[in-house]
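Per-chain numbering from 1; labels A, B, C and D assigned in written order.
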Amino acid sequence: MFKKLIAESTAKSPWLFHINSGSCNGCDIELVAVLTPRYDVERLGFKLAGSPRQADIVVVTGPVTRQSLDRVLSAISQVPEPRCIVTMGSCPQSGNVFKGSYSVCAPLSKYVHVDVDIAGCAPKPEAIMDGLVKATEILKQKRGQK
Amino acid sequence: MNLANMTDYHHFPIYSVMVLFLGAFIIAACGSKPSKDPKNPAGFRAWIALCATALSLFFLGSLVKPVMLEGEIISYWMGSRAIAGGYAIGIAMEVDALSLFFALLIATAVFVSAIYSIRYMVHDECVPQYYVLYCMLAGGVLGLVLSGDIFNMFIMVEILTFAAVALTSFRTKVYGALEAAFKYLVVGCMGSTAILTGVIMLYAQYHTLNLAQLANLIPGTMNNATKLAFAFLYIGFSTKAFIVPFHPLAADAHGAAPASISVLISGVLTKSGIYGIIRLTYFLFQTMNLGSMQFMLVFIGSISMFVCVTMALAQHDFKRLLAYHSISQIGYVLAAVGLSTSLGISAGLYHAMNHTLFKGLLFLAAGAVLHETGTTDLGKLGGLSKKMPHTTVLFLIGAFSISGVPPFNGFASKWMIYQATYQKAVESNNIGFLLVTVIALVTSTLTLASFVKVSQSVFFGQMPKEYENVKEVPFGMRLAMGILACLCIVTGLFPKTVTGVLTEPAARAVANVGEYITAMGFKSNLPAPNVTFAQVGVWEPINWLLILCIALLALTIVAVAGKYDRVSERTEDDTVDTKYQLFYGGEKNVYSQVGGGDLFWGFKHNWRHYFDFMHNLHSGIVNDYALWAVVALALAIVYMMIVL
Amino acid sequence: MIQFNYVCAFFLIVLGFYTIVTKYNLVKTVIGMSIMDYGVNLLIISIGYTPGGTAPIFTKGELTQASYFVDPIPQALTLTSIVIGACVTAMSMSLVMRLHESYGTLDTREIRRLRG
Amino acid sequence: MTANIFLNGLQYLGYILIFPGFLFCFLCGMLLVGIDRKLVARMQKRVGPPILQPFYDFFKLCGKETIVPAAAERTTFLVAPIVGLAALVVIQLFIPIHGFTAFSGMADIIVILYLLLIPALAAILGAAASGSPYAGIGLSREMVTIIACELPLVLVLLAVAKTVGNALGTGLCFSMSEIAEYQLQNGSLITKLSMIPAAIAFAMVIPGETGSHPFDTAEAETEICEGMHAEYSGAPLAVFKLSHAVKVLTLTSLFVALFFGGIGTGIIAFDGVIVFALCVVATALFISFVHAVTARLKIEQVFKYYWTVVSGLALVSLVLAWYGM
């Protein structure tokens, strides 16, 4: 019974931790936009957590610059299991316009398993919410496997 | 003299003092050749000191039954020279419940500190001399509280000041030790001079030095010279109690002395000053029924508690911080005693006892940290709880006790003080006493804050690299701390028993001056007062603890069933996994310890003008401190002349 | 004129206080402490003085109702006090020496590592 | 005889585990927090999370991995939340629910003030044991907030003691059960003139003590990464969240017991409901509303606010109570 309860709760209370790996702030602003009254992602139980230790979903924005790579990876490793990694915007997926630069390490999936990619530059709030909901489903699956 | 005569308990007070002086003499006579044992450089001399203190404690402990429980007052004339022609000629010891109460506190602290010293004083030179001075100090304080003769009180004050100054500067290499000793000597000497002047002026008036006879003669015959003597004596004992404005000396002396001596300075020396003030105001001059005298003591007590706790918040050194707290707690004692209600006196004495226990514990913990790491600077330490788990637990017990966290002993006594002040405010319909309650309550929280600062910056937080090899302190030191910690918990859990056996008889003795006079063989017509210790509040620590244990048990069952302790931890060989590193906003391998003096910035920012002012005021120049003493003396004289 | 003694005694005590408070030299501070001490000693001995009294030394035969001698107790007290005063001076001078070694100065305004 | 004792023991065990104890605290505290979050969302024109959201959060955290950082002191880190929760539940037992005063005779208002320090202290020590510098900053701010709240709380409680004491003729009254008894017979304390500023001051203290907006500097998630809880994850964090919920309940029900007692029916179940309803109102007014309309203060502003405005109000109340109004 408790296992089921916990699995159900996991899907209903995903907390986000947001890492900016050299983003232009476009995606960051859009992420904040989904918290505003118009979209209000909190009604689905989402909440921005201040520390990776408390997060379930890690949202990475930006093209993963060489300076930030180690830091991104260490912060992701500090998130307790089960966790779900979401890349947001085109940058962490392909490098976007920065691709080929000596200082950019994108895509992030080279270094760590990414569960959900939200494409767009920057993605629409609706897309972000859709991606996050998908992430919660993956989270629930991971919870169930344990 | 046969054995039965010698084991008569009437001789025990003098035995308990003499055994310490004798110990000092034997240790000094044994020379100063250090022993070969590196763990105990003083060799058998340490054991002599320990035996002397243990015997002293034993003698005093066996007096509990007759004096505390049966209410006898032991009067003891040296060489059987009693009263002639209505005047006390011989030297007397008079042990009533008040004296015995303080003597027990002192003997306990001295004994525990002696256990601690054996392992603690291993890095020093001249350790045999340390034990000589140690026994002298202990004997001096015991002699002071057991004496029935005011000139002997002065002699003992000199002995203890002398020993304390020498022990303060014992570690001459320690930063500021000599300076602290010199300041203490100058102001302490002014205090002793004040006491001597007061004593001799009383003698000029009444031609006796016996406390009981003075108490019989002085009230009702006060003139200007007596008032002057009172002011001198009061200031003299104030310097021994280190109350405001003599608190900077305490801070300097505690910080520089070895921890085992800091225990004595804070737990024992300050008590001797408080004892002197009680004897002076309640017995000799019997002025405590005057509102103005109550006002003076309560006012100085409140000022002491608040000023010193704020000074403590600004400190960067572990022992200096403890030293200021010491005076802050003495402020509580003085304020409670100054209320002149039986509950107030009982509460004040209870707090005095608890202060000896928890402050001793805290100083010993500070000494343990110093012993292992070589520093007490709050800015340099951190994370020692992993290396010194027992010391951490013992320190926390002391810290909770002093900050008045239930169910430890500090709370039990502070709780009585709050009630006593509030009761006094209601009874006398004076809103000023209510302010004292508020100050006491707020001071208690500030105390907690500064101990949170210590635990964060010394025992918790991150550990600097250089302390990787720190070990737990030796068993002997932990034993000493353990004894005090157990006493802290026991006296906190059974407040009714403790007050019933120890503080209430003492408070009764304070109220019943007539008996003190008649026990010495003088005629007194002071009536025996009716003393009650009614409390308005309710606090049942045992029941609370029982409920808490049930609650904890229930939670533990749930936690075990839910596998609460199944955690992910770093394995021994795995040093690189970033998962177990602290989160630094993504930065790698950063050492950062939040500690030191500015932890409570939010508080200090609002009070910055006050803190700046205080910092400049405590200039560290001995002339300034001497000036404070002179001004205090002048104010005391003027005040006494006006109100008495 | 025993009152003059009292005035002198208090004058000495106050002079001692004055020296301690205003002089910035450690040795002068110690001198101040000694002066203070002498003042008290003078006070004690003056209190024991009775005009026309003899030394309080007598044998059993000499003691009559009319015997008139100075109070012996203050004299005993003075002795004790003088001894203590000497000890204090010795102790403080040794501290002054060590202070001079480690601080290189005798100025109290510079010996203030412990403050605040 | 033995059967009687056994039954009595069972009854008290029931008190501790079920009614004013654990189960009640767990359910009502969580509900209060859920209502709070919903209300704040509605005030900000959002839909907001479901009212049961705190339960979801709690169970989710129970299922998560617990990571103990290498720099942390393991035992303190894990034990601190449990002790804090237990201590809070015990405080809840001491607060009378109208006629229900089974435990209120064991501790009185000043003791409760001090018992409230234990959970805070547990959280602080747990944070210190985690070794994180964010937690260090967080605990410093938490401690300053405690100091800030202490002065007005002390003044309010002394004013209450004086008012009830005056009315009873004993001069002063610290006992929680006597205060409850007095209110049952003479109506709520809030009807007295001197108690109105006291009630306002106490209400202002509630958000500070529970660490909610705008006094949540200690857990500021955007500046110092959740402060004291920066390194906590999984079940210990769940216990901390539960403790926070219970603390909201404790403070609001203390507020109700002190100023709005005496509207009870005499039946425990009904009284429980009434008290809970009053707690909800108090939460809505003093936590949700304040949260919705203010932005986070700086820590020195928190301190200044409590030691000037709130303490001033409390002092007014104390002076009024002193002169028998």
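In this section, contacts are C-beta pairs under 8 Å (C-beta built on N, C-alpha and C of every residue); 3 or more make two chains touch, one makes a residue touch a chain.
Source: prediction; values computed, not measured.
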If a chain touches chain B and chain C alike, it appears here: none
Comparison of B-D and A-B by number of C-beta pairs in contact, larger one: B-D
Centroid-based (C-alpha) most distant chain relative to chain A: C
Distance between the centres, which are taken as Cα means, of chain C and chain A, whole angstrom: 82
Separation of chain C from chain D, taking each centre as the mean of its C-alpha atoms, in whole Å: 63
Interchain centroid distance [CA atoms averaged], chain B/chain D, Å: 35
Averaged-CA centre spacing for the pair chain B and chain A, given as whole angstrom: 58
Sequence positions of chain B contacting 2 or more other chains: 568, 579, 581, 583, 585
For chain D, residues contacting two or more additional chains: 62, 65-67, 134, 225, 230-231, 234
Residues of chain A touching at least two other chains: 51, 53, 78, 80
Contact pairs between chains, per stated definition: A-B, A-D, B-C, B-D
Sites on chain A touched by chain D in the complex: 2, 5-10, 12-13, 37, 40, 42-45, 48-51, 53-54, 56, 78, 80-82, 143
Footprint of chain B on chain D - complex, ascending: 13, 16-17, 21-22, 62, 65-71, 73-76, 78, 82-83, 85-87, 89-90, 93, 103, 105-108, 110-111, 113-115, 117-118, 121, 124-125, 128-134, 136-137, 139-141, 143-144, 146-148, 150-151, 154-155, 158, 161-162, 165, 170-175, 217, 225, 230-231, 234-236, 298-300, 302-304, 307, 318-319, 322
Of all residues in chain B, those that touch chain A in their complex: 568, 577-579, 581, 583, 585-588
Chain A to chain B touching residues, read off their complex: 19, 51-53, 68, 70-75, 77-78, 80
Chain B residues touching chain D - in the complex, by the definition given at the top: 383, 385-386, 389, 396, 400, 403-406, 411, 415, 418-419, 422-423, 426-427, 431, 434, 437-438, 441-442, 445-446, 448-449, 452-453, 455-456, 459-463, 536-540, 543-544, 547-548, 550-552, 554-556, 559, 562, 564-570, 579-585, 592-595, 599-603, 605-606
